[in-house]
Amino acid sequence: MEPPKERVKFIQTDLVLPYHYYAGDYKALYLRALKDKKILGSKCSATGKVFVPPLMSSPDAHAPCEEIVELPDKGIVTTFCVVNVPVYGRDIELPYVVASVALDGADVSIYGLVQECKAEDVEMGTRVQAVWKPDGERQGDHTDIKYFKPTGEPKAPLESFIHRL
Amino acid sequence: MSKLRNVAIVGFAQAPIVADDPHRTAPEMLYPVVKQALKNANVERKDIDYQCAGSSDYIDGRAFSFSQVMEVMGAWPPVQDSHVEMDAIWAAHLVWVKMQAEECDTAIIAGFGKVSEGSPMHVLNLQLDPFYHASLGLDHVSTSALQASAYMAKAGVDDAGLAEVAARNRAAGAKNPDTQLRQAVSAAELQKTPFVTSPLREGYLPPIGETATCLVLAAEGKAEKMCDKPVWIHGVDHRIELQTIGARDLTSSASTKLAAKNAFAMAGVKGVNDAQVVELGSTTPVEELILRDALGLSSGLGGKADGPVVNPSGSPLCANPLMNTGLLRLAEGFRQLSGRAGERAVSGAKRAVVHASAGHCLQQNIVWVLGTERRWA
Amino acid sequence: MKAPTSVEPMSQRMTVQFPYKRSTGEVTGRFLAGLKEQKKIWGRRIAGQGVVVPPNSYSEVDAKSGGEWVEVKDEGTITAVGIVAKPVADLHPSDASFAYVLVKLDGADTSLAHIVKDRLGELKVGARVKAVWAPDGERKGTIRDIACFQLVG
Amino acid sequence: MSRAVAVVGVGQTHHASKQPDVNCAEMVRIAIDKALLDAGLSHEDIDAIVLGKAPDPLEGIMQPEQYLAGALGAHMKPIIRVHTAGSVGCTTALTAATHVASGLYGRVLTVAFEKQSEGNAMWALSPNYAFTPPMVAGAGGFFAPYCRAYIMRSGAPSHIGAVVAANARENAGRNEHAHLREPITVEDVLASPMLWDPIRFLETCPSSDGAIAIVMANEELAKKGPRKPAWLKAGATFTEPMYVPGRDQVSPLAGRTCAKHVYAKAGIKDPWNEIQVAEFYVPFSWYEPMWLENLGFAPLNEGWKVVDRGDQKFGRHLPVNPSGGVLNTNPIGASGMLRFGEAALQVMGRAGEHQVPGVKTALGHAYGGGAQYFSIAILSTEL
């Protein structure tokens, strides 16, 4: 005798894992400041380079970043991607632009959506400014900056940002 | 054993082991630790040839968790690097192998795990075979309890025996400023704590805790310049067993026995009694008893303390920061042999045997022999 | 501004939820079909390991393939037992206190992990237990097609 | 490297979007059985095992070396598990090589796999992390901006990506193990949907289930084997952090440093003329010209010219990815080891229909993370 020839082909498992994440002090400070329309970075004690969101230490100099600085909400699109693929849990009309934005005075870029323009109007070097959620609606989290929009200023020259994508 | 390269532990640092650190992320916990370990080893980051970390994505609750810590390890300009999805003591072993292959002379080993952010019960269930064991909801406490019951039935050890082992470790932990539970508790008190999964009581299990650790290893020629008392690796081996807990003899640890036999042969020692200190990665009293047996130590039950001092750190029963627990055992060996063990120092310690474990019911085991003198002339 | 030393912690709870559809393969798939269709427990006789329950398509001892099907009894002896005092949500298979057991089924050389829900106080190594099957129509082809084990007598 | 290391056996599964007939353990065992057979060895001959794969959430099994210990033949042996993002497969192979080079282990089995069809890679790899804006949109969304920057700074014409994709598919047609083998034309690629501009659908790697196993041995044992081994001349892994001011994400310094390091160890001065075949990790077609530059096969900003001339095609000066590469077969954790293994097969003269004639030296390469983790191996016919 033997077990049935026709096997059970699959088992279905649904993993449910509870997590409770901490932002850490640097990130908490950064996120809470967004509520006041402030973008904070941290400055490396060895090189003076500015990281946004603020890092506790600089990856290049391996030195502490002991000073918090405020950055303007304007910058340059250093590079970008036009997304035509729907992503689970994200309801933005396709296509949309996700850009690396180098804020003025920052030495690394942040991610942001670029809207209020056609995707084909976004270029490497386009100057953009943050569009914030209105007063009273900002919660102190990433969604406080809704997206970036072009400022209409002249495009930044490639050599000014090609090494801070 | 043919001649190997003399490699030493020359520095170590750790973050305080706490139930949770709400102020810092894993890389933020690690940054000062890496800096301190380098300082302790009198070395600049640029003089380190290689780095290797040990951590787990599931512990941290994010895929590629290890890549976050590249930001804090001083990896610029780019460095030679690797990562094992294991307790960092296996990263230390990989580095030691790398040194034997003469691929590096100095290295830092980092361990981290934001244990408080997840639920170890849920997470460690995922280590088990998905068809027959994980789907029953088995967690690490329950599998340890199964092992404990089998051992107690076979060896005739009772609840009081477990309490005695746990109390001994808690008393040792009280003298260790770097562990998490630092209060001695009597066996009688521990026996009053409630069962989590019987026969294991709350008092017989480690607390949930987290830390970050960094160990510095160096080969002969460089090690002496980095540490006043380098602690030399005399022998090491690790072995895994099949996983299915119902298909193994849970009451003994064959893989520890084999790893110890090989490590002892490499070290040129007869057995565990050639050491003055033994540090075990036991997360339950029963694991300690099984490991004692596997290494050839007496049970120590009934207050009979002969042979080497076992678990002067207080063992993982006083702190079990996952992914670091093993590396902390190696650190204890280093601290004991290099005069850095403070109040809990075992006097005259010249040789230590260090053990660490991974998986359910001691599935995977590593055994090290450390000494104050170079092993190979 | 100086860098933060200790600000009000910011935290977020999140449940990470992923579905997996796992292929069983020939041996595990037929073992599970045996539970579901036949209410029978099948082991594999493997050189060097005896009759292994639950079975794999390989020996965990020496990695060799092969073996032959052997039916074992749905009754056996407890080789290990742990009683979970307070079950954990989204993990454990019972809301009330229950026991995990390893059972060496009659005819098998290894022990099967499973659960017992009743008479927890009487459980001990050496006690005899028998499988309680999930009712017809409710067996889905998983190890939980054996609903639990219960003490014999 | 202190002691010589040889590849003495290679085995891989067929790769497909789903392997529903086998479970994870059995899929891995297919590759292992083939590798052992290839080496004329059995499990008893293996001293240690090194396992690699990408994140555990892909299969929902934590530290799977524990579950798989028995299936891998690891019972009572040493095993370790490497995880270095996309580079992991190649790094795992090099870790096994280190074990042999140490003199501690005579023969080491190394294995890499992914069975991503059991979960959902898109979910597992781009979850919503707390306190972080959601990751762009999978790996394609992450790397597309760097491809755009490459095009901008090199002045590469827009058809280059499509040429790479069509050529890779033609190559995959000669590889019986490849996942995607149906021929496609440059026109097909250009007509395929733009997913993450500038990356089109047919310029994107698939999701595959698959595994590869390799047996390595020391010199003495390798020479006893039934076949001519492939000797590992050099191998290294280099990594860099993500947030380095001025970091060049298009041609990362870690990749350049790693290449320089292994060429120096292997005594290679002119990779373009001294290496006869290369297997790069190209998950999106633009990375082929990018890596040609990063690895020193072409001057900066001129990698695309190699593609435009067709010098990287099968039968030409330096065939790149004659196996069809990651663009046509991508079991994530195994993809890097496939590059290593394919390079070894080319050196052994046993790559079958996609064998490049007269290979003496071959390069295997993988990268991962945010183009941060690099792993390169040089294999040779000569000890």
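We just call them A, B, C and D in the order they show up, numbering each chain from 1.
Everything that follows uses one rule, which is that a residue touches a chain if its C-beta (ideal position, glycine included) is under 8 Å from a C-beta of that chain, and two chains touch if they have at least 3 such contacts.
Quantities reported herein were computed from a predicted structural model and do not represent experimental measurements.
Could you name all chains that are in contact with chain A and with chain D at the same time?
B, C
Looking at C-D and B-D, which one has the bigger number of contacting C-beta pairs?
B-D
Quick one: report the Å distance separating chain A from chain B, using the average Cα coordinate of each chain.
Between these chains, centre-to-centre, one finds 38 Å.
Using CA atom averages as chain centres, what separation in Å is found between chain B and chain D?
The mean C-alpha positions of chain B and chain D differ by 33 Å.
So the centre of each chain is just the mean of its C-alpha atoms; given that, what is the distance between chain A and chain C in Å?
Whole-Å distance between the two chain centres: 44.
Mind pulling the chain D residues that touch 2 or more other chains?
Only 20, 23, 57, 60, 69-70, 75, 123-124, 127-131, 241-244 qualify.
What residues in chain B touch two or more of the other chains?
Each of 22-23, 58, 61, 70-71, 75-76, 119, 122-123, 126, 130-131, 134-135, 242-244 in chain B touches at least two other chains.
Among the residues of chain A, which are close enough to touch at least two other chains?
Each of 9-11, 13, 15-23, 25-27, 31, 55-56, 59-60, 64 in chain A touches at least two other chains.
Classify the inter-chain contact topology: is it line, ring, star, complete, or other?
Drawn as a graph, the chains make a fully connected set, so complete.
Which residues of chain D touch chain C in the complex?
Listed in rising order, the residues of chain D that touch chain C are 19-26, 29, 32, 43-44, 57, 59-60, 69-73, 75, 115, 118-120, 123-124, 127-128, 130-131.
Where on chain C does chain D make contact in their complex?
Per the stated touch rule, the residues are 10, 12, 14, 16, 18-26, 28, 56-65.
What does chain C use to touch chain A in their complex?
Residue list for chain C touching chain A: 1-24, 26, 28-34, 36-38, 40, 42, 69, 71, 90, 141-142.
Going by the contact rule at the top, pick out the chain B residues touching chain D in the complex.
Residues 2, 4, 56-58, 62-64, 66-67, 70-71, 73, 75-86, 90, 93-94, 97-98, 100-103, 123-124, 126-131, 134, 237-244, 254-255, 258, 358-360, 363-364.
What residues of chain D sit close enough to touch chain B in their complex?
1-3, 23, 55-57, 60-63, 65-67, 69-70, 74-85, 91, 95, 98-99, 101-104, 124-125, 127, 129, 236-244, 252-254, 257-258, 369-370, 372-374
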